[in-house]
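Pasting the structures in now, so scroll down.
Both of the next two complexes hold subunit A, though its partner changes from subunit B to subunit C.
And now, the complex of A and B:
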């Protein structure tokens, strides 16, 4: 969807939303349309962990445009730094943020553990796909762990189905151990396979692994042929290919293990009242979810919205079942990674 | 009976003020007992090696450029000075990233021209990038010291048959060694606290360990490790304080009139520096801009960056004068001055969080422009202190005494003698704070007014998301606005030239 048409759809009277059929569907398990939502009135301050280069911006702009009586103040920052700021503010008896939208669920866990998140109504969390429903916070969009590989050097069938088999595959591997998403992936592996197997795996991988600062760097290195395969969130590859259609990189997926974990960005309300809740509802609408899917290549988490182009449907990937808030337990993961010399 | 120097109470107050965020770090670290691991000795070695190479590189580039811009009458000299100083406003992670994207097999240069280029990574890559983005520290502090030197010694040496190069080496440089050391100190502290560059160049340094802790929600551990990093900071501060110069009277500074082709040759020899540090990042972003287009940028970001940085530069210099004065006056004052440097050696994101705790104690200021400027001043005060001190240090105190003897009040002696003679140092200090504030990120994100977007925060946003085309325009504006700000500050130097020549010893 083009930006302008998106803004028009969201700002004007939605075409689909005006049909009675859509309204009827909305009452069921499918996503709501913005037309089903009450208008927003008043003022909110949002702490936004990372801006995603204007795409979240477009969503927020469209929400503001649609609700002329609504003022939204935004503070952007490094997710962990904003979470620390919210905790510091609460300690000092100050509250500046009404909503916190974080790029990873670990930061949500930190604020939630500090007892600062307000409970969300069941009809809101009920809109989310099964496995993504939580009491005090709501996932917004998802991302999946992938194995980007260099298409010139190998084909998808050379990559093992199980991430645990990668050390024996003989492939050279790019990874970013200091990167938060990678650490969440190791946390998931620790929970699914156990400490010992994870430590063995890390040790074996360390002999093949080449370190990068971030996962965008990993994907670029795979594309340049510096390594055969990498570990990265799916959208870096899709975005790189969008800017460079002949890029020599494609995505492979492991099956039913930490290697294809679906993690999510999350949002929570810090102040009471209907306004923050209703704002969160807007982010879960069909319009916003499909926009973030098509433009930012993020995975929609409400029912009835198709995943981004270039990504197979979630059902065919078989990601592992995982309570995302458990991924906030990073301390043992860091200790483990340090003890085997990966970090 | 000896009286305490008049600047002591004020300097002490400012030093204590600068220590507050470090105090917050102690409070935050009290929850943990995590100590720097011995298996991290390699990390420590990397950190020290990177720091050493960066200092060496920034002196090797900064000092010749300082000589060139201070003494040689080349065409457009102020313009060249601004070009050579501008890399200080560019975030070094941007430089590291574009260098990585441009060079090596499969890099943009390789793709465009087919010419294979070597890849930059590891210690050499990180040291190169850090050098390219820290040498202006040395350039500006050294230039300020050079300009306050009396040329007559060089002229005497030349009359006695010493070659120009030899006389610069033997007569000029030993007298500005404190200016060089002040700049090298800043380069060293910046290298210690920077995270992005070594991470992109895949070099494991102390800051990476701290960042991993911070991002894994171990604020307490990150604070503890930052405090341990301060041990290295203290060592560097001690080494720099050993550098001493003799005091001398000011005079008209040296001027050289190189021939046309010599000027051309010198500029050509220095061209790779701005080409790599400014033209390359802008070129790479420009390439992505053509490839994918850009949207979402507002000109107000440039204005926000510029005026917040300008305010910080002015406040920092005003506060730096008493601290620098105290540092020259005695040992206690020297200690007060050293204390203001600590904050500059702490990784930005940890310092930013400490400043949030400080800011929350001033609820009426929290998340206002005033607090942001205050945060900049707290972080970058040493930049101003260093250059004011190094240019004032070599001044012969007898000038002020003479003025006093002739009936001038202390205030008059200060405004008519000391101030004009240290103005260059103050301008250099203001320029350093201004440029550094232009690229500052963590404090801007956390402490600025909500919705306050600057060029640096916008660059970070699009970089994080991988939309590099959108970094082209703000990157260019960052260089342009820094140039404008510098031009405005350097125009203040004319005033000191006038006063020195009119009332200087002739």
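And now, the complex of A and C:
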């Protein structure tokens, strides 16, 4: 379908309902401004997985304030529990949520695999960067796995560019195996490298790794020089450096393996109609994406919005290609981690 | 007593958080009576008098017939058989901890066959805690009558702001002291870990931008100092001391985050 015909079809179906939006979409696939979007009118129920310390709440409040004829009911909870609730409600023949915003894409995969997510229009998914376009859900912002290292003890070139080589590197390593983001990383490793290689890696790491409760703890231990290098999502290091500019820590990245996986928070529509879709459009606007990048250090996933300060552009890193919804397959990861004595 | 009431007042002013947070005690479900404190003040008063009387009988028996006849194990049954315990547990956890400390103070002094004067001293401390608790519940009843206390919820609701989260962290740390005083160290440790992973961990990213050293100190408190104080079988006062120092740091964290939030840019 030609782009213009496609837009006319959407407008005819009442999906767009706004000339500025149609014009903005016709201009090309990049982040829109909130000024381009139609006002939200009506009522939606959002299931919200707990997110970045209140900043998602600020975004939702701002959307509500901007749209006085819009009522947003929010049910908050642990992301995985909400995903299970949505599936259970569907099995019971009820649907209470119109939209689901999850902090990790694995939970999105669970709902999508149950056939509950509605297809998103191509003009919406087309705003996302390549590699992050899905038919039934939209990533909102990303986070990348990194190897924070102590800058007083070593330089980035001393860190292997394959995460699989780390246990044999002779470096002391900090990790937080009980942490959800670490477990998603191991899921990715399992899917990319296979069960056997991942089990061997975990066993080798278990001999070298120093345990921490959370990944901020890992980054702080690296900074103190307690360990040479660690595993953590990117934003902990950026936040530490924001509060302590002379912190002795920097970020290294592995190449094309689970060690530099980009995971994402995601959103999907569970009910039909223009309102859930247009709500999702608000989260992909330049303003919201910039806000989450500058305030939460999250990685914007729409074109034309800068990454958080201190992080190299996504294009300069080589994350592995992976359908993020496959990270929902957590059970075999936990079984594997238990079987080798890591958990 | 004045100091206590001032502390209660401060606590009750923030009481929506305190009340909304807990909803099932270790001793079973919290009854609906906690939403009608005023109507139950007479019953609570009778219960406090009854507990004091029972403990007095126990200590008198100890004095007259020795430790075995005193049946000190009954202190727990006595406390758990009254509905007053949940009224104080949902309103002012620090005194709830003091009561447990007092109950075990009496029991352990009897079990150790200490001189009766020492047992009487523990008994007096317990009685003081019970009267303080009744005072706190009476104050809470006044606030409830004026609509200033949120209704106790039967399901857990988590705060949605950073500063609200820190209030909840403080409240849960008070529960750590209470559970330790209740001689449930595993439960106390489990609350420490859950509070760190499910609440504090969501705040420390924003906090580290404001004061990295403060985060480092609290990280150590959550992961080393407090668990060690619990596993080291120290006194309730030792654990309370660690928690009290953490409260001070959390208050500073709250002030920093409040200021940062005021200065934060708008979304649109």
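In this text, the second predicted complex is superposed on the first by the 311 of 343 C-alpha atoms of A that agree within 3 Å, B and C clash if a C-alpha of one lies under 4 Å from a C-alpha of the other, contacts with A are read in each partner's own complex, and residues count from 1 in each chain.
Operating definition for what follows: a residue touches a chain if its C-beta (ideal position, glycine included) is under 8 Å from a C-beta of that chain, and two chains touch if they have at least 3 such contacts.
Please read all numbers here as calculations on a predicted model, not as lab measurements.
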Subunit A as common anchor, with subunit B and subunit C clashing or fitting: clash
Which superposed partner A:144 touches (first subunit B, second subunit C, both, neither): neither
Which of subunit B and subunit C A:220 touches, first, second, both or neither: both
Partner chain(s) touched by A:247 [first = subunit B, second = subunit C, both, neither]: second
First, second, both or neither for A:295, with subunit B first and subunit C second: second
Partner chain in contact with A:166 - subunit B first, subunit C second, else both or neither: neither
Per-residue contact with subunit A, leading partner among subunit C and subunit B: B
Partner chain in contact with A:59 - subunit B first, subunit C second, else both or neither: second
Which of subunit B and subunit C A:107 touches, first, second, both or neither: first
Which of subunit B and subunit C A:73 touches, first, second, both or neither: first
First, second, both or neither for A:44, with subunit B first and subunit C second: neither
Intersection of the subunit A residues that touch subunit B with those that touch subunit C: 50, 52-54, 57, 76, 213-214, 216-217, 220, 236, 239-240, 242-244
Touching residues (chain side subunit A, partner subunit C) in the complex: 34, 50, 52-54, 57-59, 61-63, 66, 76, 213-214, 216-217, 220, 235-236, 239-240, 242-244, 247, 287-288, 291, 294-295
Residue numbers on subunit B that touch subunit A, as the complex places them: 37, 39, 100-101, 104-107, 196, 199-200, 202, 204, 208, 211-219, 288, 291-292, 295-296, 349, 352-353, 356-357, 360-361, 363, 366-367, 442, 445-446, 450-451, 457, 461-462, 464-467, 469-470
Footprint of subunit B on subunit A - complex, ascending: 3, 45, 50-55, 57, 73-78, 80-85, 88-89, 91-92, 94, 96, 106-107, 110, 178, 180, 183, 210-214, 216-217, 220, 223-226, 236, 239-240, 242-244, 328, 330-331, 333-334, 338, 341, 343
Subunit C - residues contacting subunit A, complex: 158, 160-162, 165, 193, 196-197, 201-206, 208-212, 215-216, 219, 222-223, 261, 264-268
